[in-house]
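By written order: A, B, C and D. Residues from 1 in each chain.
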Amino acid sequence: MTLLEVEGLSKSFGGVTAIADLCFKVPEQQVYSVIGPNGAGKTTLFNMLSGIYTPNEGSIKFQNRELIGRLPHQVASLGVSRTFQNLQMFFNMSVLDNVKVGCHLRTRSRIWSAALRLPGIFREERQAEAWSREALEFCRLEEFIGQEASALPYGVLKRLEIARALAAKPSLLLMDEPAAGLNDTETVEMRQLIRRICASGVTVLLVEHNMGLVMDVSDRILVIDYGSRLAEGTPTEIQRNPKVIQAYLGGEVQYAV
Amino acid sequence: MRYLRGFFILTAIVVAMPFLFPDNYYVTVVAVAAGLNAILAVSLNLLMGYAGQISLGHAAFFGIGAYSSAILTTRFGWNPWLAIVAGMALTCSVAFLVARPILRLKGHYLAMATLGLGIIVNILLVQGERWTGGPDGLGDIPTLSIFGWIVDSDLRWYIVIGSVLLLVVVLAQNIINSRSGRALRALHGSEVAAEMMGINTTATKTAVFVLAALIASLAGSLFSHQQTFVSPESFSFFFSIELVTMVVLGGMASTYGAVLGAVILTFLPELLVVFEEFEVMIFGAILMLMMIFLPQGLLVGFNEQIRKWLLQRARASGGEQRRDIA
Amino acid sequence: MSIIKTISSLAVSAILTLTGSQLMASETIKIGSFLAITGGASFLGDPELKTLQMYVEEINAAGGHAGKQIELVHYDTGGRAKDAVKFAKRLIQKDKVDLIVGGSTSGTSLAVMPLVAESEIPFISLAGSVKIIYPVQKWTFKMPHTDAMAAAKIYGDMRKRGISKVALISGSGGFGKSGRTQSINLAKQFGITIVADESYGAKDTDMTAQLTKIRDTDAQAILNFGFGTGPAIVTKNVRQLGIDLPLYQSHGVASKKFIELAGEAAEGVRLPAAALLVADQLPDSDPQKAVLLAYKSKFEAAHGPVSTFGGHAYDGLFIALDAIERAGTTDKAKVRDEIENTKGFIGTAGVFNMSPQDHLGLGMDAFKMLEIKNGNWVIVE
Amino acid sequence: MFDQILQFLLTGVTVGATYALVALGFAIIYNASDVVNFAQGEFVMIGAMSAIALSASNGLPLWLAIIISILITVGVGMALQRFAIAPARGASVVTTIIITIGASIFLRGIALLLWGKDIFALPHFSGETPIHIGEATLLPQNIWVMGGGALMVIGVHYFFNHTTQGKAVLACSCNRTAAHLVGINVSRMMLIAYGLSAMLGASAGILVAPITFTSYETGVMLGLKGFSAAILGGMGNPMGAVAGGLLLGLIESLAAGLISSGYKDAIGFVILLLVLFFRPSGLFGKASADRV
């Protein structure tokens, strides 16, 4: 089953093409990675998938529904969640509240009923807290539950962002460089976490620079360069693909000269 | 009910004051002004402290409420309660109309737009003489009566304003500790992340803007009936800035901080009158110094000072085993 | 830590003030005052306060009034109605004053009138609007001529000069707005047509745009109601644009400051004002002359050029003290009755003759029409 | 009609020139330190009031009084940076705004004590004989305001684009740490920025004082108008601030002349709001995008 289908996607900023005629399909319950050199357009792609940018052309079908034209919160309500390359934590809130925000789509109460504390609110609050604890435990963050987000170290925040995204119970999780800036131990933990996420039934779309991690966790990999598709396949296929070797090594050779 | 702990303390203070200091000018007159300011500060804090949307035009909604009550009761003989509701309805529609275009703006541009809105409303109050009485204002506004209990003394007004303040504090606390309240704080923390968590940030901003305006309108109506006289300079941009100062001084994103800020800024000039012409300078200096040394606001600042002090004491007595806390 | 100390000492002083005893010896006359000592109307409140302080000090030094010392309690409203109400309550409830002389601006005076009526305390307002005494309110009196009287005086002078088409320009503050309303209301009665109606903000720095419009009307004179910097700028702008129509200002500019600011442009400007400004030009037979010269020399010795505004405080203070003396008590109701009975009191604004129907007690003759010549006022009549 | 419009335009440009100088002061401080300095209007007041005090009561010649009062204001500006803004570094934007508001109240309080509540005028620099341009007129002082304003704008432009010091100030605003690392004395640059801004304010105050008069409260309204102009032009773009100031002056003058003098300020703000709705970063401001 295909969960996400991207066709003919293009985006340019003031005449500079960031993504050109990109096509790919993400199968359900897999880890699908997008790799490419810096500036290849990976984050731009994520921003289009999550509704932050509007593409110039193409279509993005998620569970056969068109995502283009939907605002980020509408995309999120269909079951797409994401993490960010530059941490986007709610530093003005506690760890628990950060994750509770993740439960936003699974709860219903409005500002007016909350103001009056109508009876349903208590139930909903308890439910949200239970879900949040679950997500925190899933990401092995239960020890930080009472702390303020601003007091946590970087590695923990990276996982907290994932916990927050998971609390929304998404079917697709977009992860933008989850291992960037992590040390070796943390990277291993992150790899295990990504596996657990996939195993729990959530499809993962991953952008990552750590090739060891990518090759290890991915089911399929898409390589893009200058905004267009260079290759696609399983990790083994990608590693053997001459175009990929050329793009990556060629680039390095040029640097060396 | 932990999040309401502060509320119970506040209730105790509000109830105790008239008994501790019966018939005292500061309790019956200044405290009523402080209470109204606190209501406004709490509402502004929802918008500014929690949702992170600065507004330098909050006095405009306060003014719309006050003048709705004043005009409808004096010129059309409406029942004050009906006038209050009508004022809130008017405020609601005005706030709703301007919310979308204004809240698209960020930072200083938002500050400017709200400031402009406040000034425009004030100019309308000054120029719209036929309805508003112009700069001389509008008098003979009837007072409120609650099922025959006529609010005609300072003490009674203290009771009314005190109750409304407590009510507004509960509302604010309830909201903050709910799904919607988290949405507010989330969009303050990171608008894009909030969107990705499914929060409709435009709708949320609009909702809190309208809510804050509604509370301000209510406060305005109460002000109008309490003073029995309104004039435009009570709703000038200076007052908007004063309200922002109350919120920041007490500590942003803290309902009780807003109350504290309002109380301090209302009482401070009362205490400073003895300095006569030095008053302005001293007031400015105090404001500056408090913000330089307690940039988080008084409530947070004090809490931190107390925590540090406790920590130091603990360290001094506990010695070795306490080292990990630092 | 030092901040905490400062703040806690502030808190302590706050509590002390809260609990502090408010009992006062009854052998003093307590006069309360709330004035616009700072803010846009400070040119009213400032000389008013100085006058009150000056005379209270003098009376006390001379052994008091009718054997009683006078205590003056005053607060600065900054011209804000909200603060006026608050401070009026403070005067009544906390300071327990016997009567109030104050309210520099019409807005602040109007705002406290319901409170004064409810608390049954005599209140002598120092502000201009006719709304303060019309309709008459039992507990409120007023010292300055009304803006309606000023407009009438000006129109009278205009008619004498054969002017019937007037361009009106006014400040958007309370004084200007109220003056504008009275001018429009009275125009018909004097057979005058208003051919332009412009306004400017209190802090505006250039009125040439408004005056350019006025220049292109068929106005025969310009009338400006306003105070502060506005009238001086209007006067200068009129000359700059080369408009040679007669320019009338209101009593809002009745101080030397206006002549100083407007400089040469002020030459030929006419304004209605109390005789105080031209005390030395009055004939010796004028009953007011002695009072005016005494006040003028006393004020100018201490504080510089006199304005009519401080004079209103003088009138208010002594009308109050006379009433207390006649009543033989500070009982509020009796003092009020005596203020209402004021007859033939010679003040700076004129000779006051109050009655239950008239809480001002001044006639039109109290106003003089002045023209500015060689940097000084000259009586034209 | 044409003569009227010409007069409105001339008036607008003179008033706008003052706004422009105040707005430029806002933009410079904002550029250097991300602080919106609400005490900017107070610089205008201090410049004008001290020039008057020095020349009138101390009997100094006008030019000397002007130089000394500019130096005084620059000192005040630097002191503001050193003792109020610098210690609060890292505080939130709103907190710094409140600090500058506190500073402006404080400065106003001091001015009140020093100079009282009176309104003062400075003598016109070169007489008061109106200059006629067609049917429209202009005072020689208006030319001083426009000319002085233009000179200062050019000076500021030169400073930021063609001198090492100016570029160093800009570098601090882009990235403080990086500027520090390449050897720029960041705290000195901040002092320069505040000093420069104070100088502009004081000059504006002195140039307009003969026409508009001044008192201890003058700063409030000019600060507000200057801030509006800076926003209209686009905060952080010095030339935008100048354009914003001129534009605001023109709008007010035309609104007063052609539509309604009572509502001219309201019209100014309505236009400002409309501009912001279509260009949320002002007329010449750069749209900022968050990287995620």
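Please note the rule applied: a residue touches a chain if its C-beta (ideal position, glycine included) is under 8 Å from a C-beta of that chain, and two chains touch if they have at least 3 such contacts.
Quantities reported herein were computed from a predicted structural model and do not represent experimental measurements.
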Core chain by centroid distance, with centroids computed from Cα atoms only: B
Between the pairs B-C and B-D, the one where more C-beta pairs touch: B-D
For subunit A paired with subunit C, centre-to-centre distance based on mean C-alpha positions, whole Å: 71
Distance from subunit C to subunit B - Cα centre to Cα centre, in angstrom: 35
Whole-Å separation of chain centres (CA-atom averages), subunit A against subunit D: 47
Centre distance in Å when subunit B and subunit D are each reduced to the mean of their C-alpha atoms: 31
For subunit D, residues that touch 2 or more chains besides their own: 112, 262, 265, 292
In subunit A, residues with contacts to at least two other chains: 52, 84, 88
Where subunit B touches two or more other chains, by residue: 127, 192, 277, 279-280, 289
Subunit C residues touching subunit D - in the complex, by the definition given at the top: 37-40, 42-43, 46, 172, 198-201, 203, 205-206, 208-210, 212-213, 216, 228-229, 232-233, 236, 239-242, 257, 260-261, 263-264
List of subunit A residues in touch with subunit B within their complex: 50-52, 71-73, 76-77, 81-82, 84, 88-93, 97, 100-105, 107-111, 114-117, 121, 124-125, 128, 164-165, 168
Subunit B - residues contacting subunit C, complex: 21, 24-30, 33, 126-127, 129, 134-137, 139-140, 154, 227-231, 233-234, 267, 270-271, 273, 276-277, 279-280, 289-290, 293-294, 302, 305
Residues of subunit B that touch subunit A when the two form their complex: 171, 174-175, 177-183, 185-186, 188-190, 192-201, 207-208, 211, 253
Footprint of subunit B on subunit D - complex, ascending: 30, 36, 84, 87-88, 90-95, 97-99, 101-110, 112-113, 224, 227-228, 231, 235, 262-263, 265-266, 269-270, 272-273, 276-277, 280-282, 288, 290, 292
